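Below are two complexes that have chain A in common, paired first with chain B and then with chain C.
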Partner chain A sequence: MTDAAAPLARTGAPLAWARSLPLTGKLGLALVLLWLAVAALGPALAPHAVGAFVSPEVFARPGAAHWLGTDYLGRDVLSRLLSGARYTVGLALAAALLASGTGTALALLAAVGGRWLDEGLSRLMDTLISIPSKIFALVLVAAFGSSLPLLLLVAAVTYVPGAYRIARSMAVGLYQMDYVQVARARGEGRLYVARAEILPNMVGPLLADFGLRFVFIVLLLSGLSFLGLGVQPPDADLGSLVRENISGLPEGASAILAPALAIASLTVGANLLIDAVSGKGRR
Partner chain B sequence: MPAPGTAVPGIGYHVEVSGLRITAPRPDSGEAVIVHDVSFAIPRGGVLALIGESGSGKTTIALSLMGHARPGLRIAGGTVRVGGTDVLSLDAAGLSALRGARVAYIAQSAAAAFNPSRAIMDQVVEAAVLHGLMSRAEAEAKAVALFRSLALPDPESIGRRYPHQLSGGQLQRLMAAMALVTGPELVILDEPTTALDVTTQVEVLHAFKRAVREQGATAVYVSHDLAVVAQMADRILVLNQGRVREQGPASQVLKAPADDYTRTLVDAARPAARPAAPAAADRAALLEVRGLTAGYGRVGADGMPAVPILRDVSLSLRRGGTLGVIGESGSGKSTLARVIAGLVRPSGGQVLFDGAPLPPGLEGRAKDQFRRIQLVFQNADTALNPAHTVAGVLGRPLGFYHGLDRAARERRVRELLDLTRLPAAVAGRRCGELSGGQKQRVNLARALAAGPDLLLCDEVTSALDTVVGAAILELMAELRRELGLAYLFISHDISTVRATCDEVLVLYGGTVVEAGGRDAFRRAPFHPYTDLLVGSVPELEPGWLERRRAGAPVPSLPGPPGAGLCRFLPRCPVRLAGTCDRVPPPRRRLSAGNETLCHHDEDTLMRLQATRAEAAC
Partner chain C sequence: MAGTADMAAGTGGAATALRLVLKRLGAGLVTMLLVSAVVFTVSSLLPGDAAQETLGQSATPEAVAALRQQYGLDRPAPERYLRWLGGLAAGDPGRSLVANMPVAEVIAGRLPNSLLLAGLTAAVSVPLALLVGILSAMRQDSRLDRGLNIATLAMVALPEFLVATLAVLAFSVELRLLPSIAMVKAGAGWGETLRSLAMPVMTLSVVVVAQMARMTRAAVIAQLGQPYVEMARLKGLGPARVVFAHVLPNAVGPIVNAMALSLSYLLGGAIIVETIFNYPGLASLMVNAVASRDMPLLQACAMVFCGAYLLLVLAADVVAILANPRIRQG
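== the complex of A and B ==
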């Protein structure tokens, strides 16, 4: 897997790299890039303000005036989708970065820090991983009320142990390599060993793992929002869009289909990309 | 009687290869030729050796005898006939029948060929039964007979064991049994002993030779080791970059090589003794190890680690000197280097460097102590970080120890590359993109970048071809003269050690069984284990194997020896019942200046080893 990520970092030719992906990988990459662009530019592209009531008709079908129809209050679905994606993608990205970053840092610490630190950290992570994530999130949200920082924290904490486990098993394996032993025998500090000798050889698999965590977090956040515990009105992420338009389900309103499809295409796209990248490395 | 391999051309050969051409199609048009127009023939019952460096196409040619081309290769032309069958024109079913019954292949690593979860016997007879050549009972009877002729212990019951319960040498012989059980007419042996210790290698070679001869099979023996080939083959074919350089009867190729390349190979196989270092004026020891005990795992209440490896090891190495450490796999050679480097904490004893005690672990060592002791690992593939460039690898110690700035580092990196005979262009390459020999040079250059006084060299040439390895040894000798380095030179190959080192230390089961100047290791008397080692190194002379086996092997005792007793006791051919199994052996100094750990005194050892030498002649 290292090899798969290497060309990206090494030659600085992302185009050639993208071209080398299999078809499903290209599709995944396109979907992921599309959603990243939407998250970055969405509100600027939106034809209407997020909260504006623009039509007297609720659950309008898609048409020239409202490309994706209107929602249960007569708001423009496309505009709400474009700004909702920012919450979902942004929050999930931030939480995944936090989870993978923390997990990796702790894993490196465990690998170079000696037996006691390793034992301590690993037991702590085992404890965390045994708490069911949804229940944990529900309890925290119930106790403190929902807010963006809290959601970020919940999502990150939920996925740190998984990231830690994967990164630790890699780091501990790499720590036994001769080149690491040579560096230690040279008198190098632990931080140098972790940063310069171990970390560069973990990047490929870590990227794949990061993608996976991102998908999990999108689903977790959407689930929370669907239960009404996620992003709070008047803001809305993709999950809350599905929830608030649930009454349109019997008539198959585009107001509920569009955000549901958005979540699906984002997660499926990310999954396809990860599979392509890690599959390529395996071959 | 003429040797079977010297049959006159024109008479029906058993295996005939002519104009064989194997290519590797490249995606961007054109193709690389891996094997150029190779032809040879072997009479029935003959043994042909294919010899050459790695990458010379030995295995590729050997596999083509079974009609097989490795993925990415294509047999582009020529014919291969085995017993009248045109192998290259066979269809898949024909090939499968050929490989199952008539041609057998014995690969380098037996461990990889066995399924760890099935009993040995099931795997040995599988092919014979599957191809319907014989019934299960017949196959098993044949297998037991083969186990016996391969000199395996307990031939009746060894088939019930599992792979992990057997040693590497035993597995290698069992793989031969697996290959021979179908009674193949052609046996291909691809470096079958390269992964084994010398003492094991002799047994295995002997067993192979006998089994192949008893079967009346024709054999192709692939190896890079000329001395081994000299024992096994009637004819030798020398390959270089996919071309035949020379072929002829074994004794002619070895004694009077006609080709320059063959001469290089023969020379590399006989390491020339390098002059001993000039007896330096200051004889003060640079490195001194006293009563070292070390191992792995938790240290128990008695101060011994859970897996004790080194026991009471002492040595001394003077400035600019070279000390060779030999012993078989698992004897603790690498552990010794690790303890000195600080990677493994000793549980007892002391390491003195330049007169001052070294802190036992990495903690507490001064930067300068780190700088002066550098470690060079055996396997350059794993010793260099694949994520770093050569310039990065070499630049780090320069910055770390000497605080050189960027420009000075770059200059010094160029000097180091030059010193280790590497082109300056490799500086920008990643370590994974170098050849084996180049990697080992970078590995050395990194150690030199520190400006050390002592290099701990752990099997630096073991993973390399003879020719490339000889070049590395040459380079190390030069560096030593120029820079006054001292080497702790770890190897399992006594002839390399004798040729490169001033002093030699023999480890067996973590104890020093013999130590002394290198001249003491040329002539008997030796410690009984050293004797076994010395006697196991194949000589570049046909017939050596038969002569050396004149003495019958001693049955080995089961189980490890009791505490304090001689570690070699279970395998010792000259053990004294009642003494060796009761009393710990004493250290004795012999007249050649070497010290042994054995109950036998000098005269007895001399007598024992002299009679053996006579019996051999």
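== the complex of A and C ==
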């Protein structure tokens, strides 16, 4: 189904493509679209200002006045969540783009750049990949600090090696194909071959890999924020919201459950979507 | 992982296996060395150093210079790296700046706790993951398989703090069964220790089991497509017999690899879980080291984690080599 639907999507029938997904894929797509929309429009939809103290009651239960209750300072949880999603989704999207883009570019270079470049890059990436990603991120945060641009960089650098490894194995395989060798033989430059002959044939799997990296980065950044090493106050992403309300845990406050569930719905949704889109071809 | 090309039957099976194992060991050591260079380089990139950090902004330049000399920070970076590496090899990775104790002592106090947590989680999650993975592979594309697939797919993407939060709400707030803080007391008996570790282990297991089960399923299914399996079926063997007597011995390599990769995930997952349950393990120590910019401690912790990861991968490779009958029997 997906195979037949992929060209449809390209010729401008995204609805037909969405309809062809299995139920879990539709659910995933809906969740991902929801969070993209929240990230884009969130602050405009928020009923209260992010930092406004709106209730004398802390950790209030969800009710008509505050749909998701209030937090440890009596602020509106829904408003904070709608604004926090922008950091979680935006940072992760940018970092995943940077990681996948850099990984792919380096992989293409390695594939067409000759043996020494390939050896050197692959050795470096193999080394970086043997450092567990959260540990690597912690070392980077300790060295660079955790302002927003640096967090973006940390998340991207952490996931470049994985992206490189996947892209390189595809690029090296494609480089051996007859049509690429023909292009080389007719005198095309290496960069042209990488861009015009190899890259277009890797797009599908690269997109699936990009989705996975996005999920990993959302989890990594929320984890860092949860530890107090990520997005710093007064800014708050969804992970920071969980952290700042941790004292509400014994009473089961919605202020801690809502942002944690929000992150889970985003990552689980993205995972279901990726599985539905790429799983068919694999199995 | 193990290259199949150089596995063609040699003369002495044991010798071939030994040579491959030694080769892996050597490669592991080289990687460890490179990793140490990366960790050292990244963590000493910043201009401000430990001496400045310890004395604060108001310190006189002379005081900073004196302390810098005492720490050996005035030496060029390659020399400091070699000295640090030598210290690591000798079991003395320097002094913690915040605790003002040898890093080795600080780590030695935390390491047993981390190993206990990791060991218990492995003991719970490995059998469970094998069960789920093999079951869903045997019933491939059945309703059970699809249900398990969606469940594990969702569980893989759950943030640990959500699982931990839900566990605390269920077991210590609502049911009042388990303590919400995982304290390990020195004189506590096994029963008490297990009770206080129940929730951290549960939380870690959720993600690890899901990952392991997915990879186990994939490994078994890859074998089920092989001609020898069809042969066994045509002989009239039942599905259980086919899986346990024929498929599993051949799938040991990939399965152990899956186990090692998932268990290495424990290293990262422990960071969140130890923090949320206040568990005095190595991961929370490392988080504190990041927060207080205690570089010697941070570097040592990072090396312990990387070493553990490489050991797991190495162990998986070795098991894969030993389990491969084409090498073992030569």
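Just so it is clear, the second predicted complex is superposed on the first by the 271 of 283 C-alpha atoms of A that agree within 3 Å, B and C clash if a C-alpha of one lies under 4 Å from a C-alpha of the other, contacts with A are read in each partner's own complex, and residues count from 1 in each chain.
Note that a contact is a pair of C-beta atoms (placed from the backbone, for glycine too) under 8 Å apart; a residue touches a chain by one contact, two chains touch by 3 or more.
As the structure is a computational prediction, the values presented were derived from the model and not from experiment.
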Greater residue coverage of chain A in the superposed arrangement, chain B or chain C: C
Which of chain B and chain C A:110 touches, first, second, both or neither: neither
Which superposed partner A:249 touches (first chain B, second chain C, both, neither): second
Contacts of A:81 with chain B and chain C, given as first, second, both or neither: neither
Which superposed partner A:21 touches (first chain B, second chain C, both, neither): neither
Chain B versus chain C as contact partner of A:31, first or second or both or neither: neither
Touched partner set for A:270, first chain B, second chain C, both or neither: second
Contacts of A:193 with chain B and chain C, given as first, second, both or neither: neither
Complex contact set, residues of chain A against chain C: 24, 123, 126-128, 130-135, 138-144, 215, 219, 222-223, 226-229, 239, 242, 246, 249-252, 256-257, 260-261, 263-264, 267-268, 270-272, 275
Chain C residues touching chain A - in the complex, by the definition given at the top: 31, 34-35, 38-39, 42-46, 150, 153-154, 156-162, 165, 168-169, 173-174, 180, 264-265, 267-268, 271-272, 275-276, 286-287, 289-291, 293, 295, 298-299, 302, 305-306, 309-310, 313
In the complex with chain A, residue positions of chain B that touch it: 338, 341-343, 362, 365, 367, 370-371, 373-375, 377, 379, 382-388, 396-397, 400, 446, 450
Chain B contact footprint on chain A (complex, rising order): 2, 177-179, 181-182, 184-188, 196-197, 200-201
